[in-house]
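Chain nomenclature is as follows: A, B, C, D and E, assigned in order of appearance, with residue numbering initiated at 1 for each chain independently.
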Amino acid sequence: AQQTGADEVVTPERPTSPIALTLLDGAGNLTGNKVIYDNFAKAHPELVSGISYQTAPAPDVAGKVRAQQVADKVDISVVLGGPDVLGAGQTENLIMQLLPQYSSSLPDLSQVQDAASKELQDLSGGYGVLNRYNPNGPLLAFHPGTMSAPPTTPDELLAWAREHPGQFTYAQPANSGPGRTFMMSLPYMLGDSDPSDPVNGWSKTWAYLRELGKYVTSYPASSTIMNQQFGSGQLQLIPTIVSMDINSRRDGTWAGTDQVAMFADQHWIGDGHFMMIPKGVSPQTLYVALELIKFTLQPDQQALTYATGSLITANKNVKPSDAPADGQALLQQFGRPDFYPQALASGQNHPPLPPPTMVKAFDLWQREVGSHVGS
Amino acid sequence: MSVAEQTTGAGTQGSTFGSLQMRQVSRWYGKTAALTDLDLELAHGEFVALLGPSGCGKSTALACLAGLQPLTTGSIWRDGKRIDSLPADKRGFGMVFQSYALFPHLTVARNVEFGLSMRKVPRAERRRRAQAALDLVQLADHAGKLPSQLSGGQQQRVAIARALAIDPEIVLMDEPLSNLDAALRIEMRTEIKRLYQERELSVLYVTHDQEEALSLATRLVVLRGGRLEQSGTPEQVYTQPASAYVAGFMGYRNMISARVEQVESDPRRVCVVAGDLWLQGTADPAAGLRAGSEVMVAIRPEDIVPGRAGVNDVPALAEVVEYHGRELAVRARTERGVVLHFRTEKPVAAGARVTLGAPEERVLVFPAEGRAEVPDDAHG
Amino acid sequence: MSVAEQTTGAGTQGSTFGSLQMRQVSRWYGKTAALTDLDLELAHGEFVALLGPSGCGKSTALACLAGLQPLTTGSIWRDGKRIDSLPADKRGFGMVFQSYALFPHLTVARNVEFGLSMRKVPRAERRRRAQAALDLVQLADHAGKLPSQLSGGQQQRVAIARALAIDPEIVLMDEPLSNLDAALRIEMRTEIKRLYQERELSVLYVTHDQEEALSLATRLVVLRGGRLEQSGTPEQVYTQPASAYVAGFMGYRNMISARVEQVESDPRRVCVVAGDLWLQGTADPAAGLRAGSEVMVAIRPEDIVPGRAGVNDVPALAEVVEYHGRELAVRARTERGVVLHFRTEKPVAAGARVTLGAPEERVLVFPAEGRAEVPDDAHG
Amino acid sequence: MTTADIAAGPPPRTRRERPTLTAVITWVAAGCFVAVILGVLASVVVQSFATTWRGGWWPAGLTATWYGRAWSSTGMSQALANTAQAGVAVVVIALLAGVPAGYLLARRAFPGRSVVMLLMLLPIILPPMTYAVQLAALMYRVGLGGSMTAVVLVNLVPTLPLVVLIMVPFVEQISPEVENAARVFGANNLRLFSRVLVPLLLPGMLAAGILVLVRTLGAFELTFFVSAADTQTLVVALFGAISDPGGVPGPLTAAMAVTYMLVAVLGLAVSLRFVTPSQAIRQRHR
Amino acid sequence: MTLTAEPGTPATTAPPRPPQPLRHRLAERGVDWTLLLILPAVLIIGALFVYPFLYGLSISFQPLEGGDPLANYTDFFGDPYLRDSIWKTLRLAVPVAVLSVAAAAPLAFRMRRDFPGRRIVTLVVLLPLTFGSVLIAQGMTQVFSPTGWTNLLLTSLGVPQQQFIYNYTGTFIATTLVSIPFAFVMLMGFFGGIDRSIEDAAATLGASRAARFWRIIMPLAVPGLITAFTLCLVEAFAVFPSAILVGQPDNATHVLTLPIYQAASQRSDYPAAAAIAVVMTVLELVILGVLMLLRNRLYRGPATGGKG
């Protein structure tokens, strides 16, 4: 009952009457971009009669799409997700390759994306269009009241953890942005042989994480849990990422005074969200979905995302100064204007591991590191 | 939809009941037979009392007739139509269960109304008839109670009211008066008899009370280990029990093992001996008794008369004297140890010597069977 | 641990039972009283039969004695110790429930053994005693069955065996023979009497069977609507019922409303009139009857003699004649419509004219009460 | 003490039983359990009103704004309606189909009974994950995908057997004689069920109904795979929000949870109002 | 319907009997029209479950990489990390089920009697059920955190701070909290159906309250207890959210559902997921088979003692 991989190219067709769109979000993309999609519906009543949203844990997205495709009745128009969702969609042959097939219907990405974004976009193999990009981290978050200077190298971190057992941890990489960002940056910092091959090239990283694990009492199952523990003072030091630093302070999960710091040898691991179109949609839906992608990348729309804790948008032509007033205020209050602009400019940028490799890394982490916790 | 048709059909249809027959019915529970090749008939207007010792299959017979138990073999016929595959709810019988089987979640009134509402009787009519049935059993004041709030006898009366409220043509009753006191029992008996006559019911009635059976029934049927042992008018069964077993069951409390001494020219008259007891008795010529045959002699306590100087006289010693109201029940023992029960209105003291006699025609002689004096269980 | 002590204590301790008393016990169910200020005593070695119509509180009284129902007011004493707060399992009574209350998940044998194993009787001994109890009730062959596989009478016998197996000093029995056939019933009655005598039991026995009560009991207690109505030896209660109520319950089936015509010089002898019936009767002088008093006349069917040319003679018409075996039960009506029930051994045909009479000392005269002829329910 | 002394005392109203050790243990254990439950409940409620709460007895400040956000951002109203609809439908259908099946499995020893029993057992013991996708595909293939019907149907798979399994012992408890009586008095199958068995089985059906409702409310996997955006249930929305990798603020999920709890508690209270599960059918005296 | 079929009686019986209708012969075996009532349930399960189930079974023998059809199974049993999840599941599920039934039974038993506040107690006990494990886990992270209410209470009583969550204990507590009400609901109804007069009879025979409970109530309730235990066990076997949210999913609470989830959802390796599910199913079937066998050997029947 598997969908055949026959790649006949569907030609988009402009609908004669407005159609309904369904967006399935597997990455929390709506938190920042829902406003853009709503704007699209307002701006193009001739194309869209309404948009409904559904959210899901990333791993479940593929199953859902697949179920619809097996039955040949796809009602999801656009899938929103990170590289993991995209990877699953690609390997399971669930989503359309958008580039270069439909490049004519899409904006010229080279005009929109900067170098770091482009690297991530290329990783997608054209199966999705990046609509949100962040150099994620890793950063280290700490309470300035109890710690004046956080560790700046992996070795210092290890030494600190040894002296303060149970006070440092990171969430399971498979379920946490900070966790995986931290893990993926280590091969670069530790000088592993091949940072893109967790199976054969990460020996130093695995050794380091095993050693670090001796002083960890548990790996929280999600970033949310980790943030709560950090916020309540159970943890003194955690790895984090930019958006989480901003949101946690804004939502009160952390104290407003909590600080973040970079590593001395900072390797930013990027993260982004893609817009994907499942196979099996009608030509009309395809047409509107492509229009939506185009619309999302417009500078005026991207500028709106500053209000939701982004420091960088998916369009390189947009500057923080373009943000609307509430976005400006947010950046001012939580965006660490004295820290992030230069921090983001320093260090090196790397794309994350491609999804299948990433899954292998998660698996290895679980066996090599996670399963030894507390024993 | 179809429900309505079905149930309405049950109660009213076939109003010309002629007869109900069980033919060669057997019912096995696993490896033990509760009924064996039983033939039983209930004709229109009959009141049949089903008698038999505990465990002989009376309740099972009723359950088979009502369609509650599948037959292992045999068939059931109503007016020439075979009905043994008709489900219980289509047979339209009224039934009083030995265990009452009241609906624990319904009030007394709703219990009684149940059969009527199954027949789609309109509400007001239903109320009225249930009320009448409850008046009949003197429970109108308890109509709102749940069965668990009633005494044992009250529950039993609810069961009776429930069976009669539906105005059935055929009523099956399993010891319906067993938990009632004497006065109420007689009264209920009269009521049942009245209903039976007025409404031209046909009744199959299980009882262990001989008086009840005799006074109510037009015909008695005695079961034995799941088989028919005797069927006849009350008088027949009472005075001419077909076997020692039936006799033992019909109040012939003195059951004495004996041997035939001599058969007279009239083959109905035999002379038997048991210890020091020489008795002239009556036997069924068909039994083919001969001198030397092992027999069982059956005499009712009421038929033994103290001090009678006629036939069958024997001296004995009164051992136990029980006060039974108008009469005394006495257990006496002859010199050679034969125990005799008798009743008398004259005062007798324990330890007194008495002479006992019994009329020849009331001393019944049956061929001996393997079985002991008192009918035991079917499988005992 | 503690279980062992508790239960062992219960059965064996207090082996010198003297008497058990209920004092002024009331028991209310919500707003209705089942017992009202009841005083009841059971002395060592007594066999008390508790009589009364359905719903009069007999089972409730037993439940209170056994500790199964809390008392609303009043107290229970055993040998001078107040025991009404002693839980049921410490009282060590044997009890036969009207509803049997067998353990549905245990075989017959295990049901009977239950009380013994609660008393930590060793296994072999337990087996032996259970076996003996089952032999007693003739159920040895059914020992391995579950209660639901037994007939009604068999279940009842298991209940009896279970109560007797623990060898209790005090036994409470609630209509223990109601579902047995006549022969078995008499036999079980004899067995119960034998056990009572041999083991020096003290028994409180609820029954609705007059013969059972008379033959077994050393004392009869009649309840009425939860109160004590009369207590006395069987003979006292039978021949001198304290009220029309008791009389109606003790087989005085003819209950005739009448008016006193004249009280003789002997205040026990009164002359009453009811329709065309002029009767010489006997009354309790304490009742203080005067000419003109409304009274209730009670006569047993057995005490009415047809064709007697003595006192109290009255012509009547036999209406209904029922065959009761040795006797006929006849319902007759006098010219002015008074119904009389009588029994006779002589053949009488329905429609025959008879002259009926009754000895003066058997015609009991009681002050009229509000109540009707037949004792009704407590709350009826 | 003399007898007179005691007799003179006030009559005991009703026998009061001394609490036994087991009773004490039971109640203490129950107390702990209830305390934890109430603690969990209270903490979620408090959190949903908290501006920030980072440990300690009480949050720093209180606010009701999370509720507004929860309501607006996640389509809660639609999800609530869907949940109610699906819950009721699943409970009704599961009971309608499950009670008769449970009845037959309890009462009859028909050929193939064990096969049916196994068939009823499997869906309960298999993790839904293992068949959810295939089942969803089936739904889409027959054209039901994304519809409310599909949501109801897939939820029947684990809940119907649950009803069957729970009903079996309840049916076994009912005396067959009562059933016989109903039949004799003219009740056909339908009426036997509606007038006698259902009332007698009510405690069991209530228990089963509650469990089915809970299962349906809580079932994420099955519902997620077949539901569309406008047919998703509350849990699907909630689970989606909680598992948002962006890290949703605790108070927001707490506010959603409290909304959900209110609905659930309301439903539970209403059902308990009408029937107590333990409503003993033959409550004798006492 | 009265199919008068061929007489089944041997020729030795003298009088030819009227043929026994098929209907009776079937009825004695428990087959009649009423049996159709089972059809809706069987149809629903047959249509909606059997196909996906068989599909899962078949793909479990078709590993992604092809080759040995048993590869998924040998992989599972060859990897100690995966294999150990069986043991970890049992270590969690069995105690949870035992504790739940043991805790719920006495409480449910007491609910037979009417006492003030019974409804409230019932309601509160049932709450966790309606919340489900996700919400319970969410609340637990606050209540049981090192700076949460429980630990604040303990420290104020002088007891040292405890680690209640993010370990075996956390999952155990969360699962038990949901499982107890689950058992409670079923048992409450079940105890209620037991005839009180049976208990009375036991009392008069000298059975103390404890003896009554253990010798009379329990045996009659055992079918219900086993059903409750079975369902609790199944629930605990399928523990998933709380193993992740308040447990230690990598080690102590690496239960069988996790590798299934990871295989299916993270690696899209449905055959492997199906294989582990099959292992889990077989495991459960064995346990349940034993329980059901036990149940069938015990008394099952009306919980009333005679008349009335």
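As a convention for this text, a contact is a pair of C-beta atoms (placed from the backbone, for glycine too) under 8 Å apart; a residue touches a chain by one contact, two chains touch by 3 or more.
It should be emphasised that the depicted structure is a prediction, and the values quoted were computed from it without experimental measurement.
Counting steps between touching chains, the shortest path from chain B to chain D takes 1. Counting C-beta pairs in contact, the chain pair with the largest number is D-E.
Distance between Cα centroids is largest for the pairing of chain B with A. Once the centre of each chain is set as its mean CA position, chain A and chain B turn out to be 89 Å apart. If each chain is reduced to the centroid of its CA atoms, chain C and chain E end up 52 Å from each other.
Between chain A and chain D the centroid-to-centroid distance comes to 38 Å (mean Cα coordinates, whole Å). For chain E, residues that reach two or more other chains under the stated contact definition are 55, 145-147, 195, 197, 209-210, 261, 264-265, 301-304, 306-308. The set of chain C residues that touch two or more partner chains comprises 29, 63, 87, 98-99, 152. Residue positions of chain A touching 2 or more other chains, listed in rising order: 1, 57, 60, 63, 175, 222, 228, 232-234.
Per the touch definition, chain C reaches chain B in the complex via residues 29, 51-55, 58-60, 98-99, 138-139, 141-142, 149-154, 157, 174-175, 178-187, 208-211, 214-215, 234-235, 238, 248-251, 253, 300, 302-303, 322-326, 329, 374-377, 379-380.
For chain E in complex with chain C, the residues that touch the partner chain are 195, 197-198, 200-212, 215-216, 219-220, 298-299, 301-308. Against chain D, in their complex, chain B makes its touches with residues 3, 6-7, 10-11, 63, 66-68, 87-89, 91-95, 97, 99, 101-106, 114-115, 117-119, 148, 162, 166. Those residues of chain D lying in contact with chain A across their complex are 50-56, 60, 73-75, 132-134, 136-143, 145-146, 221, 224-230, 232, 236-237, 239-252. Taken in their complex, chain E has these residues touching chain A: 55, 81, 141, 145-147, 163, 166-167, 244-245, 247-252, 254, 261-262, 264-268.
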